[in-house]
Each structure stands twice: as C-alpha cells, then as structure tokens.
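The letters A, B, C and D name the chains in turn, as written, and every chain counts its residues from 1.
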C-alpha cells in the first residue's frame, strides 16, 4: 500500500483546507480530482512532509508522514504546481543538480539528467538558460526533475496546466508510459477531467477539503439513464418537435449539441426514422455515459 | 541480442546517503556567483590589500634595499601579529567583504523564494540544516579567499622569504589566530547575509539591506559615541565589534576601551537571532494565514 | 496656448494625479516601507537617548542644535537619503518589470510619462514625508528646552528643505538609472558611496559634478566637531545656483526617464 | 459590419526571434478566438493590439485610431494578461479599486464598479483577503475582473481559462457570451480547442507567427474541402452498410475499424453522405450505436493546416 492516511485535518489559520481525509490507494495511476482550492495541493504537501497535519495519521511507501519524512522524500518525485526553477542555470545542470540533492553520485546524475531530458523531449534545448524557457518547456523540465532520481512514487500537481493540446498530449503520454511501469506509482492532482480519465484508473475526488467520491473510474461512471448526444443539420425545429412528441426531453447546449433523454422503452432507432421523415442529417450520434465531468459536477454539487 | 526498450528506463544505481548533502548547493552557488556580470573584476579588486601586504612581507625581508624609500620609518613593516591584525581588521577590507556579500549573498535565499524553488529542495531528502549549510558555505568560500587564505599565505611567504623558522618560533599561535578570526567573521557574515536574504523576495531590496544595515550600524554608533564620549557605543557597530574581537585574537591591544567579550556576545547574539529567523522563514511551502 | 494642448496638459495632470495616489497608497502599506520607516526613525530614538542622558546628567552637556546639525543631518544627508532614493527610485520601473505588473499600468488610459512622473512623485513624497517626520521629531526632542527661539526653526526649515531637495534629485537620478539598467543596485551603490563621496572633495569645478556638492552648498560650513572633515575643501556654489542646479538635475533625469520609458519596449518574460 | 480592430502587415521580432509575421486582418464585433500552440505568436499579437509593444512593420488601429501610445483610447479596452502576477500585498478589493482609479473616476463610481466586477466573477466574499492567499483559479478570476471592471467596449483576454477548474471555466465562458450579447467586442486567446469552440465560431489560427486561417470554423472546414473527411459508424451490421456505400462516388474509402462493429467511411461530400445515411439505416434496419466524426473538431482543422 503506497499511500494510506486516516482522518487528516489541516487548516491555514482560520481557513480549513482538509477536513478529515481517509485514503488507501491501490496500485497504479491515481487521479486526485477537485476544483481549485479543494485541498489537492495541501494534501500533496502533507504527504511530502512540507506541512504537518493538525491531526490524523498516515504513511507513504510504508514510512510515517510525521516522523520519517526524509525516507519518504528519498523515494518520491514531486512536480510542483507553481512555476519554479533556478535562474542562471541550464536544463542539464539544473536536472543533475536536483538528482545530486536526492543522493545520486555527481557523474551518475549528469548522465541520468541527459537521459531524462531526452525522455521528456527537451534534448534540443537542454543547454539553454532556464529563463528563456517557454511555459511548456518549464512544465517538461519540472517533470524531468521529478523523475531524475528514479523515484518509486511520483506526485504530479497540475502537470498539464498552461499547455497547448499537443504539449498536453505529449506530457500525458509520458505520464502514462511512466505509470505503466509496475514498480512506479503515480499520483496526479488535476482539475482537468479528461487528463485524469485518460491516465488513471482510480480516482479520488476532493471538494472543500472533504472526500466527495473515491473509486475505480469505470465503476463511478455507470450509465443511469438513456441519454443520446446528437448533432444535426437541417430543419431543426420540426425535428425537435417530433422528438418532444415522443415523450423525450431535449436539451440544446451552448455548442449546438442536442442532448436527448429518451424515456424508457423508446427505441433509439426511432430517431433515425424521424430524421428520414423530416429530412434532417444526423452528423453525430453517441450514447452518453455519465461522463466524469457530470459525475464531478454532481459530487461537487454545483450546476 | 538485446534491444533497448523504448520509453521510461529505470536508473540502475543506488541512491546514497551523501556525507555532505549540502555540497551540491555550495558548488552551484559559487558557480552562479561567478557568472554574475563584473563579479570577477570586482573580486580581483578585493584581493588588492592582500597583494599589498604580501609585498610588504617581501620588503620586510629586504629592508636594506628599500631604505632609501622609507626615510627611516620602518616600524610598520615589522611583520608581527600587529601586521596581521592590521590586514584583517582594516576598514577597507571589511567594506569590500560587505560588497562581496551583496554580490554573492543577496540572492542566495531571496532568489529561491522568488522563483518558488524552495519546494524543489525540500521535496528531496534534504534537511533545513543542509540547505542552510550549503548556502552559508558559498559565503565561507568567498570570504575565506580574502581572509583565511591570505593569512596562511602571508605566514608561508614570511617563512619562505626569511629562509628560516624563526618567525614561526616567535609566534607559534599566529596561525591559530588567523584561522579563528577568519572563521569568526565568516560565520558572522554568513548568518547576517542569510538572515537578510531570507526576509525579502527581491534581490534589490536585500542588496540594499546588506549594505545599508552594515553602514548604518557604524554611523549610528559613531554618532552616539561622539555625543556620550563612551566607547560602549561601539557595541552598536558591526564593524567595531569585529575589529574589537579581532584585536584580541591577534593578541593586540583592543582599539576601544571596553571588554572584548561584550563584542563577542553581541556577535553571537546576532548569529543566534539569525538562526531563529532562518528556521522560521525557510520551509517547503510559504504559509499564508 | 492652443486648446488641444491645454486638454493634453489637463489629461496628463489628471493621469499623474491618479498614478500618484495609486502608488502612494500602495507603497504606504508595504512591508518594505515599514522597515525603511523604522530606519529613518532611529535618529529620533537616538535623540531621545541623548535627551534623557542630558536630563539625568549622564553625559557632558552639548547643545541640542549642535548635535542636530552635525550628526542627525550628516546621517540623513550622507546615508539615509541615498539609500532611500536608491531603493525607491530604482523601484519606479524595476519593480514593475520584476513583478511583471507593468501590463496593468500600460493598458490604462494614462500616458507612460504620467506613469513615471506619478510614481516618481508618489515615492518621492513618501520618502520626503518619512525623512521630514524623522528630522522634525529629532529636532523637537533635542531642542526641548529652547522651543521658543525662532532662529532654531529657521535651521530646521533649511535642513528639511535641503534633505527634500536631495531626495528629489537623487530619486530622479535613480529613476532614470532604473529605466536604462536592468541591475541598477550595484551601480547605485558605487555611485552613492563611491562617486558622491569621493568626487565632492576634489578641488575646483570637479566637485560640481556631484549632487551632494549643491546640497552642501546650501548648508553653512561646519567648523567644529568630528564631522567637519566631511565638508573639507568644499568650494560652495551660491544658494541660487545650487537650488537651480538641483531642480535642473531632477527635471533633466525625469524627462530622460520619461522619454526612455515611452519609447523603450519592455518585454515581460513569461 | 465595420471592423473594430484592424491590423495591416503587422510584424514583430524580438532581437532575431520572430514573434509575428505579416498579419493583416480585421476583427469585428462579437467574440473572436485566437488559437495556436504555445509560442505561436498569440500573446505577441494581443500585446500588439493593446499597444504593449510596438510593431517593427505595420500598424494597428482600433476604431480607426492607431493604438501605440494612444492612451485616452485605452478606457475603451480591457486587457487580461497571461502572466500570473499581482502587486505584492494587496487584497482583491484594493487591487481592483487601485486600478480603477487610473480611469479618472470618482471614488463612489470606483467602489460601485469594483463591487460589481467582484460580484460578476464571484469573489465578493474573498475581497478582503490578500491576493497572495488566493488559489490559482481565484487569481485568474480576479485578473478577468480587472479587465472588465471599467465596462470597456473591447475586451481582450489572453488565456483567461488557464488554470481554472471546469466550473470556473464554465462561468467565465458564460460571462464572455453575455458580454457578446451586450454588443461588445471580445478577443480571447487559448490553446485549448474545446474552450474556443464553446465560445465562438469566429476564429483566427496563428502558428509560427503567421495567420494560418481566419473566419468561421465551418467556413474554414469548407475551405479545406479537398481534405477528405472520415466518419465513424458503429452499428449492428457494418459489412452490409459498407456494401450500400460502395456505389456512391462521394465515398472514397471504406475501412473496418479495429473495434467490433465499427465502420470508417471517408467522403469528400459530407452533405450528400449525411443526407443519405438515415434512410440507409431505416431501410436496411441497421441498429446504430454511434456516429462520430473523429476529425470534425478544431484540432483536426488545426492539425491539417499545420501539416500534421
């Protein structure tokens, strides 16, 4: 069991950040989900020993979070949310510096840092000054420094924030590749649902410092009603009227997506019959699962 | 045949409990200081007194050759503990030391605070003590170059120029004095600089403080001393305290009429205060209440 | 004066006023200002100590005004106003660039010159206020027994005016330095405690290349006491020239800073 | 409709690094999305049209007036910068009122406007907390608040949704749409495609400092009609369906997907294809599970244009 905590409480002065969190994490990649200010970063900081919980117990990799912080940090890699670096250095010296601080011999750290930078896709700019790095490159650099010492457990705090789709895809692929290794566990904190859906199998949802939901993603998003998403072209109104007469609810979203809630017992193929009759093109037709986003909205309780 | 696997590769080495986990911090700190504009030039300038004193030692062994230049005044060329004390406690050297601190010390912690880098350090098996030791060692490095090293070099060259060990026999403890004094002022300035560097995120602000507080304490004590005609007010001055203790360490008369251990107490008190503040300020995350 | 020019001037004045109040209230509350405030109040504390010791006969009797003239003013003139002007002057542009907050100003309907002038005035006013308060308090404490003598207030007024002129001038200069140099502190320290301290003792016209020369020309030469050497070889300019020069220097550097700031591009790194 | 923002041959270098090259375009009322990967030149473009930096070549005009150093005009413009930076020790309330002061307003007006802006971004409760203690999302919202507080006609937002959680994002998107309804001009940059898609159809694609495309998303899609379009259908009997397609000339390719029951059809005329589709299902009694167009989103347009 890599991470196990019970009844963790923490507050910044008057503001309660964590209010009794219990977690027992299984193997594999784990997503820590929640809106801004839900306490995700605080939780990670407690696991790393930056903050001492007001009350509660826990262990990371079998080491106690209160008394054995040094051992935890030896085997943990951390990618912080904030933009952080050391000015005046290039990527290779920075990464190997971080490796050395973790206890790698200097020559090994240098060798490894070249490998790691190559791995995260910074091989061409590894000799450039960090000040000149773009947001995307800094993100990769932070990932590189978090894996340079080959940790057993990696904490990633908002790993894709500020990235463009291409950069995001690449970072997520890297994370999936790392977490596919059986002996490395990854804990990703994010508010970007698709990221978590894509990389993790298990998710913990925090809201306002409390546990909102926890479990396997596949179990959490079970289908509860028969909802279809459609995009159509043609005479909309007539089509919508016909659908309504079938005793089903239709909702139109901001980006012109139709959400059709079919009453039980209605054959979805009837939609196509109506389409033929009303001469409407159906360009998109998907049976919707309760997506993680809906789940998220539901447990978080807004909208 | 083996094929290199694509994707993430493990590192097959062992993490070690380094004996000096702070050493990388020091090495990088020194390297970054040397990268600063004009620093090398400036640092060279700081070594001028050392050169002058070295020439003095040479001249002291060849007094006859230089007599025509001296016009009889040769007392100051007598290489004895006073000669060393004069080097180590002269105002110019101390002033240059402070300027070096502005260069190498202002950003030590302030830059890490500014760029959120502390969490990178403390996410690794590094204790607060290691971090501070590493940063302080940067200051030790630069200040030893202008204090400890010249001191030892002076003694060595005196012996070499003289060709015998008489000097050593006369003042066997001198080398200890040099070491003790160098360690004292370097330790003090390390605490002083780290303290000021940790209270601001802005390098400019810290630079001004390092310089300003030093000069300020000196002016302040001078004014008080002038009004009250009491040497006790020299205790307010950083410079005077260092000079006071320095004189004792070199077995010379103290420049002011106050017990030297008062000065030492002041110095130690500042160091302890700094240590306390540093312990509060240096942590993995900034906690805002 | 054409109406459009008048309108421009009016707009500039309004903008400057708004920038001024923005930064005056911002700087007033910052922690740095508090620390500098304490620093500039230490002479008051010192004055108290002196006064108490005089009351209890702990030290030899020195006239309050003597201490005031020779020590307090020397401290302010030779040290404090330089430090304050250096920090606040270089902050005018540097802190916007370092904190990447410049954008918030340059997207408002205020001209870049108004930003410089307004901020400069705000900071100068703040530090003049700080220094004046410190000076006035130390003056009152030190001369507690002679508060009825009018001639003393003349001295106080003159000293405060000189310090204010000094702050105005140095801050303008360092505002300009901060606008062209990225790392202005090292240069500022060397200028303040190297150039200004050394060149002022040079004979002939050389000393006229320092700002402190004009400031000292406005003060009477001091003959007694330990600090007299500070005025060693001063060949004073006339009062009129000095005041004119101080205003001229301040104006020139502020105009230069404005011109530079208006046409130079500052690129904030992400 | 007349253009609000016009640029002519706009080009910008930083030293010898290209920032933007030869951009000539007009932005009209409503929402315009600026899209491009990191470092494509979006921020450079927004800085140029807000007069933050000066172009090396070309000109920018807003409502007919040049922008560079034209301060009086800036009261009509609100700008939300990309960088996450604030004045040191201010509270949210102080931050807004201080900046509003620069619009030469009376203090009652300032307070009214600041209150309103805080309400809009839902920060009223936290207005007296120091900005330093805000979470990332709150800071982002505060930045948006300072760009709209003075009620500008033109709002320019550089990555406003960056770092926001889904709920925060939804709120800002709704807000931007509301502003559009009020007849304002809004320019939003983003590198996340669905975000822009949710806000507007008017987009400008920037890559490597150049404009790759400008206009309606669908118009752009039509522009690249030569690029065949793939439609994925999951149904009960894909092979029977495939037979029906083969006779039509607008179908270029028919593939069977890796997943069971998936048919991938490539067509060069979507209109004809989709016109035919429902009747095929109904006539042949094929049960449809899913119809999707894997490349009918901005990402695909984008990938196609930048040649991926």
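Definition applied: contacts are C-beta pairs under 8 Å (C-beta built on N, C-alpha and C of every residue); 3 or more make two chains touch, one makes a residue touch a chain.
Since we're looking at a predicted model, the values are computed, not measured.
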item: Contact-richer chain pair [A-D vs C-D]; value: A-D
item: Chain at maximum distance from chain B, centres defined as averaged CA atoms; value: D
item: Geometric centre distance via CA averages, chain C-chain A, whole Å; value: 53
item: Centre-of-Cα separation between chain D and chain A, whole angstrom; value: 23
item: Chain C and chain D: spacing of chain centres that average the CA atoms, whole Å; value: 49
item: Centre distance in Å when chain B and chain D are each reduced to the mean of their C-alpha atoms; value: 56
item: Chain D, residues touching no fewer than two other chains; value: 133
item: Residue numbers of chain B (touch at least two other chains); value: 288-289
item: Set of chain A residues in contact with two or more other chains; value: 12, 83, 134-135
item: Chain B to chain C touching residues, read off their complex; value: 37-38, 99, 102-103, 200, 202-205, 207-209, 211-212, 215-216, 219-220, 222-224, 226-230
item: Contact set on chain D toward chain A in their complex; value: 36-39, 84, 133, 135-138, 159, 162-168, 170, 173, 177, 191-193, 197-198, 270-271, 274-275, 277-279, 281-282, 287-293, 296, 299
item: Contact footprint of chain D on chain A as seen in their complex; value: 12, 34-37, 81, 83, 134-136, 158, 161-167, 191, 193, 233, 254-255, 268-269, 272-273, 275-276, 279-287, 293, 296-297, 300, 302-303
item: Residues on chain C engaged by chain D in the complex (per definition of touch); value: 11, 14-15, 18-19, 21-22, 25-26, 29-31, 99-101, 103-112, 262, 265, 267-268, 270
item: Of chain A, residues touching chain B in the complex; value: 12-14, 45, 48-51, 70-71, 73-74, 76-78, 80, 82-89, 93, 97-98, 100-106, 108, 112, 115, 119, 145, 147, 149-150, 174, 177-178, 180-181, 183-184
